[in-house]
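Just passing along the structure, written as C-alpha cells.
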Amino acid sequence: MKDELKRRVYEANMLLPKYGLITFTWGNVSEREGDVVAIKPSGVEYDALRPEDIVLVGMDGSILEDGLNPSSDLETHLELYRNFEGVAGITHTHSEWATSWAQAGMDIPAAGTTHADYIYGDVPCTRGLTPGEIRGAYELNTGKVIVETFAGLDPLAVPCVLVKNHGPFTWGASAAESVRNAVVLEQIAKMAFVGRTLQGGGPERMPQSLLDKHYLRKHGKNAYYGQKK
Amino acid sequence: MKDELKRRVYEANMLLPKYGLITFTWGNVSEREGDVVAIKPSGVEYDALRPEDIVLVGMDGSILEDGLNPSSDLETHLELYRNFEGVAGITHTHSEWATSWAQAGMDIPAAGTTHADYIYGDVPCTRGLTPGEIRGAYELNTGKVIVETFAGLDPLAVPCVLVKNHGPFTWGASAAESVRNAVVLEQIAKMAFVGRTLQGGGPERMPQSLLDKHYLRKHGKNAYYGQKK
Amino acid sequence: MKDELKRRVYEANMLLPKYGLITFTWGNVSEREGDVVAIKPSGVEYDALRPEDIVLVGMDGSILEDGLNPSSDLETHLELYRNFEGVAGITHTHSEWATSWAQAGMDIPAAGTTHADYIYGDVPCTRGLTPGEIRGAYELNTGKVIVETFAGLDPLAVPCVLVKNHGPFTWGASAAESVRNAVVLEQIAKMAFVGRTLQGGGPERMPQSLLDKHYLRKHGKNAYYGQKK
Amino acid sequence: MKDELKRRVYEANMLLPKYGLITFTWGNVSEREGDVVAIKPSGVEYDALRPEDIVLVGMDGSILEDGLNPSSDLETHLELYRNFEGVAGITHTHSEWATSWAQAGMDIPAAGTTHADYIYGDVPCTRGLTPGEIRGAYELNTGKVIVETFAGLDPLAVPCVLVKNHGPFTWGASAAESVRNAVVLEQIAKMAFVGRTLQGGGPERMPQSLLDKHYLRKHGKNAYYGQKK
C-alpha cells in the first residue's frame, strides 16, 4: 500500500515536467493517505527521480523510513493537510505565469469560464510574511499564512493560492488532481495577464451568474459535464 | 457513410492537440451531414479518443446511437447549424490568445493581411449573456447570442466569433476547415495583442481596400491564390 | 544546374517550418541565378512540397516549365531582384513578432548587438499602399513600395523590411541567407517588443558606435568573427 | 586532463541549445582550470561542434594549441576570470528575455524567491560603453565595465550581469554552473517582465528578510535545501 502511494506521488511529480511547469527541481507534489504523507525528496532532479525515492513522513513531519530528505517545503504541505479537510494532494511549483502574479502580489480575477470550470472565485494572493515569520519557522509559517488567507473561503472550491513573492500552491483530492489544478492555474494566469494588458489595467470580473453556471455544471450536485460515473 | 463522418470528426478533433489549441478536454469539433451532426463526446481525453467514440445526434439534439454523452456544448453547435446556412463544421476551443480577447470582451480588429486572407472584417465579440440566459438553457442561449451578433454579417465571410467571458467558436464548410480557422484565429489574436501593446492601445485597422484585396484574391470569384482546382 | 537551384530553394523553404516561422503555407523563399528565379509554388503545404515542385520563372515572370503556379507573391520578389543589386535570395513570411510590428506600422529600432550583428540600422516599415496601388498590380506595387522605402538605404546592409499591414520580407546573397535573416528579424522583433514594453514606450536606440562595431566586426573588411575563410 | 576540460566545456556549451538559450551561434561557454581557459571556437554551429574543437588559451589570451579561433568574446571572459576570484566558468548568451532587459538598460529587480534561491540581490545592468571604449579593445572593455559594475558586489553571490545594449553574462564554480545560472536568469527575466507589466511599471522588490532566507537556505553555511553532501 505504501508502494502504491509512492508510485502515485512519483507519477504525479513526473507530470510537472510533462506539462512544462518546472525548471530544474523547482517544484514538488505530495499525497496524504490517513496519517502518512508521501512527498518528493529535496533537490533531486526529475530525470533521476525513482518511485522508491519518495519520502514518507508522519503528520508531524517525522520521517518514517531511512532514506532521502523530504522537500524543504514539507512543513507547508503538512500545515495545509492539517487544516484543509478533504485535501489529499498538494502541488507546489514556480510555474512562470502563476509565479509572476505571485511576485506582483496580485489576486488573479475570475475572468472567464476556463477559470470558472475549476475555481469558484478569484485566486487569492497571500499577504507577505513578516520578517519575524520569515526568520522563524519559515515553511510552517508559509502554510499558516495560506490558511489565514482562506478564512471564509472553501479550499475545495478554490483549490489554489499564490504566496506573495514566492509562487503557487494547488491542491485537490489526490496528488494527480493537485497537478491538474496547477496546469489550470498556469493557463488562467497567462490569459488573465493578456486580458489585463489588453484592457489597459482592468480586468473586469465575469458575472457571478456565469461563474456559478460553469463551476456548478462540472462540480455541483446536478453536474452534467462528462460521462456518467 | 456514418463511419466516414465519425472518422472525419475524429481526425479534426485530433488536430486540436497537434496545433496546440487545447489543454485537457477543453475543446470539441463537430460536422454536419444532412440532418445528422457528429460531435466529440463530453470529457473524454484526446489521448483516449477513438473514431467510434464520436457521438451522432439529430438536429434537435436527439441521440441516434447508444454510447457516450455528447459534448456539453452540443446545443451551441446545433443552434449555429440551424441558423448559418452553408456551415458544416464547427470548432470550439479555449485557445489562450483568442480566449484572452474573449475574456476582455473585445473584438479583434482586422489589422493585417494574415487576418484578411481568411476573415472579411473584425472578429466580433458577443455581448455577455444575461443572468436569466445563463440560468436557463445556457448552451442553447450561447448559440442564440452568437446568431444575434451576426445580424448583418455573413458567417461564411467571418467564420469565427468570441463569446464574452468564454472563448472562441469557429466554423467552415467542414470539420477540418473549422479547425483551420481556429488556428488562424489564435495566430491573429496573438499578433493583434502584440500590435495593440506596441501602439499603446490602438490598434489601427487596415485600409478597406487591402482587406478586400486579400480576402478576394483567396475567396472571390476571381481568386488566384493556390493551384488550379 | 536547374536541379541544383531547385534543390537549394526547396531546402531553404523547408527551413521555415524548422525555425517556426510559418503556419500552413504563409511564406515562400526564392533564389535568383542569372536570369532565372526559382520560387515556391502557390498554396502547397510544406509537408507535401518536393524539390521538383519548385517553379522556375524568367525575370519578367514568364513561366519556364510546365508545372505548378508560382507563389502569388512572385511579382514582389522579381521587383526586388530587379532593383537590389547583389540580392540573390528572398524570404517572405508572416512570422508572428515581425508581422505584429508590420501591422502596427512601426520601424524596429536597433536596440542591441543581436540586431547590429546582422542589420546596420533600424528595420524600416513601408508606407501603406494607396487604394489605387492595392486595386492595381498589387504584388508588383508591394515590391515598388519596398524599393521606394530603400531610397538612400543599402539593401545589403539592411537586409529586411516590414510591409505595413502585411509582414516581413528578408533577403541576402542566397535563399539560405535570406531565411537566416528571417530568423534574426523574428528574434529581434520579439526582443524589441519586450524592451519597449519594459520602458513604457521607448525604446532608446543603441549608440551609433556600438552599431558600427558589431556590424563591422562581422561584415566589414577587417571582420574578425568566426573562422578564417 | 586537458581532454577532460575540453569535454566539460563541450558539454556545457551543448546545454545552451537544450535549454533554448541560443539561436545559431549566439553564445559561448568557457571554464578555467589553473592558468588555462577552455572556450567555444568562434562561429561554429552547435550541431557541428565536437569536444576537440574547444580552444585552449592562456590567461593572457595566447592560443595553446593549433586549431580554431576562440570565441570573439574571449577577452571578456579572461577579464572576468582575472578579477572575480572563485569564478571558474562563464556563459554568454543572447537569450531573449535577459537580452531584452539588457537592451532596455534596466536592472532586474529581485522580485521573488526563484530569484533569491540563486541571486542575492538585483541583477545589475552595466553602463553603456563609451564610443572610445567601443572603438578600442572592445571585448576587453566589455569585461572591464562588468568588473566596474561589481564594485562593492560579490560576484559569487550575484553570479550574473546584463551588459547594456548587448546581453547577459553568467558565471559560477564551473562551466556547468554558469549555464545553470543562465537558465535561472532567463526565467527570472521573463517573470520580472510579466510582473512589471501587471503592476503597470513597478515592480516592488521583495523584502530583504525573504531574500536573505531563500538565498541562505540554499547557499549559507546552515543551508538545508537538498540532500546531505
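Order of writing sets the chain letters: A, B, C and D. Residues in each chain are counted from 1.
Methods note: contacts are C-beta pairs under 8 Å (C-beta built on N, C-alpha and C of every residue); 3 or more make two chains touch, one makes a residue touch a chain.
The UniProt protein names, listed by chain, are A, B, C, D = L-ribulose-5-phosphate 4-epimerase.
Being a predicted model, the structure only gives us computed values, none of them experimental.
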So, in whole Å, the Cα centroid of chain B is separated from that of chain C by 32
For chain A paired with chain C, centre-to-centre distance based on mean C-alpha positions, whole Å
46
Shared-contact residues (touching 2 or more other chains) in chain B:
197
So what shape is it, when you link every pair of chains that touch: line, ring, star, complete or other?
ring
Throw together a list of every chain pair that touches.
A-B, A-D, B-C, C-D
Contact set on chain C toward chain D in their complex
111-114, 117, 180, 183-184, 187, 190-192, 194-195, 197-200, 202-204, 206-207, 209-210, 212-213, 217, 224-228
Given the complex, residues on chain B that touch chain A span 23-24, 26, 41-44, 68-69, 72, 94, 96-97, 99-106, 128-129, 131, 134-135, 138, 165-167, 193, 196-197, 201
